[in-house]
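The data blocks that follow each hold one structure.
The same subunit A turns up in both complexes below, where it pairs with subunit B and then with subunit C.
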Partner chain A sequence: MQAIKVENLSKTFRVKRKEKGMKGSIRAILHPQTEEIRAVERISFEVEEGEMLAFIGPNGAGKSTTIKMLTGILYPDGGKVQVLGIDPTKKRKQLAYRIGTVFGQKEQLWTHLTPYDNFQFFGAIYDIPDGEVQRRIGELAERFELSSFINTPVRNLSLGQRIRCEFAASLIHRPSVLFLDEPTIGLDPVVKESVRSLIRQMNEELHTTVFLTSHDVGDIEKLCSRMIIVNAGKIVLDDSMEHLHRSGSSLENTIMEIYKSEGRTAIS
Partner chain B sequence: MRKYAVIYRSVLMENLQYAANIAMGFFAYFVFIFIFIRLWEYIYRTPEEVIAGYTKAQMIWYVMMTEMIWFGSNAGAAARQVTMDIRSGNIAYLMNKPYHYTWYILAKYTGEWSIRLPMYAGLAAVIGAWMVGPVPRFRIVTLPAMILCLILGITINAVFKICISLISFWIEDANPFQWLYDKLILVVGTMFPVEIFPAALQPVFKLTPIYTVCYGPAKLIVDFSADKWVEIVLAQALYLAAGCAFMFLVYRKGVRKLYVNGG
Partner chain C sequence: MSTAVKNQLRVCVLSIKYNIMKEMINKVTFLTNICFMMLNNASILVQWFVLFRLRKDVGGYTMREILLLWGLTAASFGLSHVLFARVFSLPELIISGKLDSYLVQPKNVLLGVMTSSTNISAVGDLLYGVLLLSLFCSSIGRFFLLVLFTVTGTVIFTAFALLLGSLSFWFVRMEILGRQLTMGIISFATYPDGIFRGVSRFLLYFIIPVGMAVYHPVHIVVRFDAEMLAAVLLYTILIATAAAAVFYRGLRRYSSSSLMEARM
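Now for the complex of A and B:
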């Protein structure tokens, strides 16, 4: 069964344009000018339940915009989206109960609270009964080895510890689909490896569908079974990792060649 | 509602660590009140004299209460956070949780003022008892009615501030509008009771948030009457219903225009 179904999804942003210097600033007040930027242009794809998909592309290719439309944060200008059979634009709140998100560059934890208080907080947000929250906190603490710092304020944790807590917080409600936006950014190789093994474990044990964007070839190679490359808002490759590996070239080289041949067009 | 109670509790836990920082604002409150005490002592020839329906003690307590509301509810969630969330795109990461963003902000704001306001109320009680004397005609049995009115007033203030902040969905910066609203409340609403202003202006002020946010609660504290309480609480209920309806409408429209920097 499909966890995600996208048909001809499009999103256009209107961005202000200003000429350089003071003259340009004054002109921008008198004659404001805007430019239309097509961040995502009629893309279509499907993701099966339990699949781990890498959704990659150069900066500004439209990856994050796509994730934000899939999670109901941004409204598409055209096309259809279904995540777990739910239209995110119409039933964002209903969908929120069934998906999890980890944005490597954004904290969702409350930094002045401890991970334990944060997990309790997220448990309540997702309407999980107190007793069940306690049970899940214990389970997550064991799985992610959080016990030694579960009562330390988040602001005092190392980046690696914090990311593990971010994962645990996003899993407290046992989401069926997990959206990961550069989850290993800024981590050292050891912590990166531990985060990857956590993602793998989650996928194997809970059958969680993973939608991953990352610039790290290691993340893609070690986790995903399929890769979609987007550039300038369009899909330029959608293939299985197995098939890509059979081509003989390393994954990094393959990605680089595609980026180069597509001209690495960015939206901003 | 449990989730909003948990948000409230989490903010309370977070802000308890900043109680000392909040107390730093006491100095500004004291200076403000000291100036007004001296001003009204100069204006009133005798303590029994009545100006615009207020004795000297009532007038000073009125200012102390409105300033207590101003300082005690001047927390960041309703204004600064909403504007920053929209401008920075951070709102995107708060919206994908199963709560309504505006209720989330209101719960946070309530958590913030729940610590600030009692601290300023304690300070006001100490300064008042020391420099002015007891609140005239104050009866302890009316306290719950006054507290309800106070909470409604602060919540209305928050709803209005959120509405103004939500304009950030359309314009670059809603802070100038926030500044205008704050100054309207501070200058017209907190320093003098509505009755001091010319008769022609008084009905106009009664139509502004000043009446429900500052004037109503402070008036009841210095001169409580059941009729006045009913009149003010009814006005507050209307204001709150209309304000919330407007807030949800603006949010629903605005969210469709959300542009998140960096995709």
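Now for the complex of A and C:
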């Protein structure tokens, strides 16, 4: 069964154009000009339940815009989206109970609170009874090895510890689909590996569908069974990792070649 | 009360509790902020005491009405900034795309945003307002009227800020005008309405909602008027509904961002 179904999804942003310097600023007041940027242009794809998909592309390719439309943060201009059979534009709250999000660049935890208090707050957000929240906190603390710092304010934790807590908070309601937007950004290789192993574990044990965007080839290679590459808002490749590996070239080279042929080289 | 409403209220209460806990981390700053705000407010009343030694009344107000006016303004302003401080910085959230974390939660976005921050010096305003209003609690009826008007004032101040802040979904740099108008409420709300005539009086009753938030309530407490009370209640419901509708209409235009951010 499909966890995510996207048909002809589009999103356009209107941005103001201004010529350089003070003259440009004055002209922009008298004759404002706007430009339409097609962030996502009629993309279609499906993700099966339990699948781990890498959704990658250079900066500005439309990855984050797509993930935000799938999670109900942004309204699409056109096309259809179904996540777990729910339309995010119509039933955002209903969908939110069943999905989890980790945005590597945006923290959702309260930094002055301890991870424990944060988990309790997230438990309340997802209407989980107190007793059950305690049980799940214990379970997550064990799985993510949080026990030694679960009562330390988040602002005093290392980046790796914070990311582990972000993951734990996103899983407190046991989501069926997990959206990860650059979850390993800024982490050292050891912590990266530990985060990857946690994602793998969740997928294997809970059959969680994972929708991952990342610039890190390691994340893609070690976690995902399929890869979609987007550029300038369009899908330029949709293939299984197995097939890509069979081509002989390394994954990094394959991605670099596709980016270069599209005129961008933004992978790390 | 339905389970959904109970759960939503529980999250709002937790959010407000955590905001206040955050401010209490540094207890010296916490207490000095509150005390200095109360002192600051009290120092302005001294000017009124001096003025009333020279004149019998100003714009139809004696010292008694001035105390009532200050009490209602400080309590309403204080409560709105203690509970819903984020509304007053809503344009910043919209422009820099910081609504994402509220949109991925299965709860009411507006309430989540509204209760996500507190202004601790406003606790000083609230306590100061409550102190002044306690001078007027001569009967149960009066007590309930003062509580009611503190609530309606809080709703009107918050809804007005929400209405102006939500315009940032459409217009860039609206926060400057919004800030001026919301601060304008406080400037006008601490003077008797009798000194305003013509256009300024029209503005204060129909554009900047000081009339409905503070002036009418002062008149009703001094001399009860059922029609005026109905007008205040109706206006409160109307402005709250309009502000929420504009926010949700604007939310469809929200464009998020990729800026790095942390929930502080």
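To be clear about the criterion, the second predicted complex is superposed on the first by the 264 of 268 C-alpha atoms of A that agree within 3 Å, B and C clash if a C-alpha of one lies under 4 Å from a C-alpha of the other, contacts with A are read in each partner's own complex, and residues count from 1 in each chain.
As a convention for this text, a contact is a pair of C-beta atoms (placed from the backbone, for glycine too) under 8 Å apart; a residue touches a chain by one contact, two chains touch by 3 or more.
It should be emphasised that the depicted structure is a prediction, and the values quoted were computed from it without experimental measurement.
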Subunit A as common anchor, with subunit B and subunit C clashing or fitting: clash
First, second, both or neither for A:109, with subunit B first and subunit C second: second
Which superposed partner A:68 touches (first subunit B, second subunit C, both, neither): both
Partner chain(s) touched by A:28 [first = subunit B, second = subunit C, both, neither]: neither
Contacts of A:124 with subunit B and subunit C, given as first, second, both or neither: both
Partner chain in contact with A:258 - subunit B first, subunit C second, else both or neither: neither
Which of subunit B and subunit C A:206 touches, first, second, both or neither: neither
Interface residues of subunit A shared between complexes with subunit B and subunit C: 13, 64, 68, 71-75, 92-94, 96-97, 99, 101, 103, 106, 108, 110, 112-113, 117, 120-121, 124-127
Interfacial residue positions of subunit C with respect to subunit A in the complex: 3, 7, 10-11, 14-15, 18, 21-22, 25, 99-101, 103-107, 172, 252, 254-256, 258-264
Residues of subunit A touching subunit C in the complex: 13, 16, 64, 68, 71-75, 92-94, 96-97, 99, 101, 103, 105-113, 117, 120-121, 124-127
In the complex, subunit B residues that touch subunit A: 2-3, 5-7, 10, 13-14, 17, 90, 92-93, 95-100, 255-256, 258-260, 262-263
In the complex with subunit B, residue positions of subunit A that touch it: 13, 39, 60, 62-65, 68, 71-75, 92-94, 96-97, 99, 101, 103, 106, 108, 110, 112-113, 117, 120-121, 124-127, 267-268
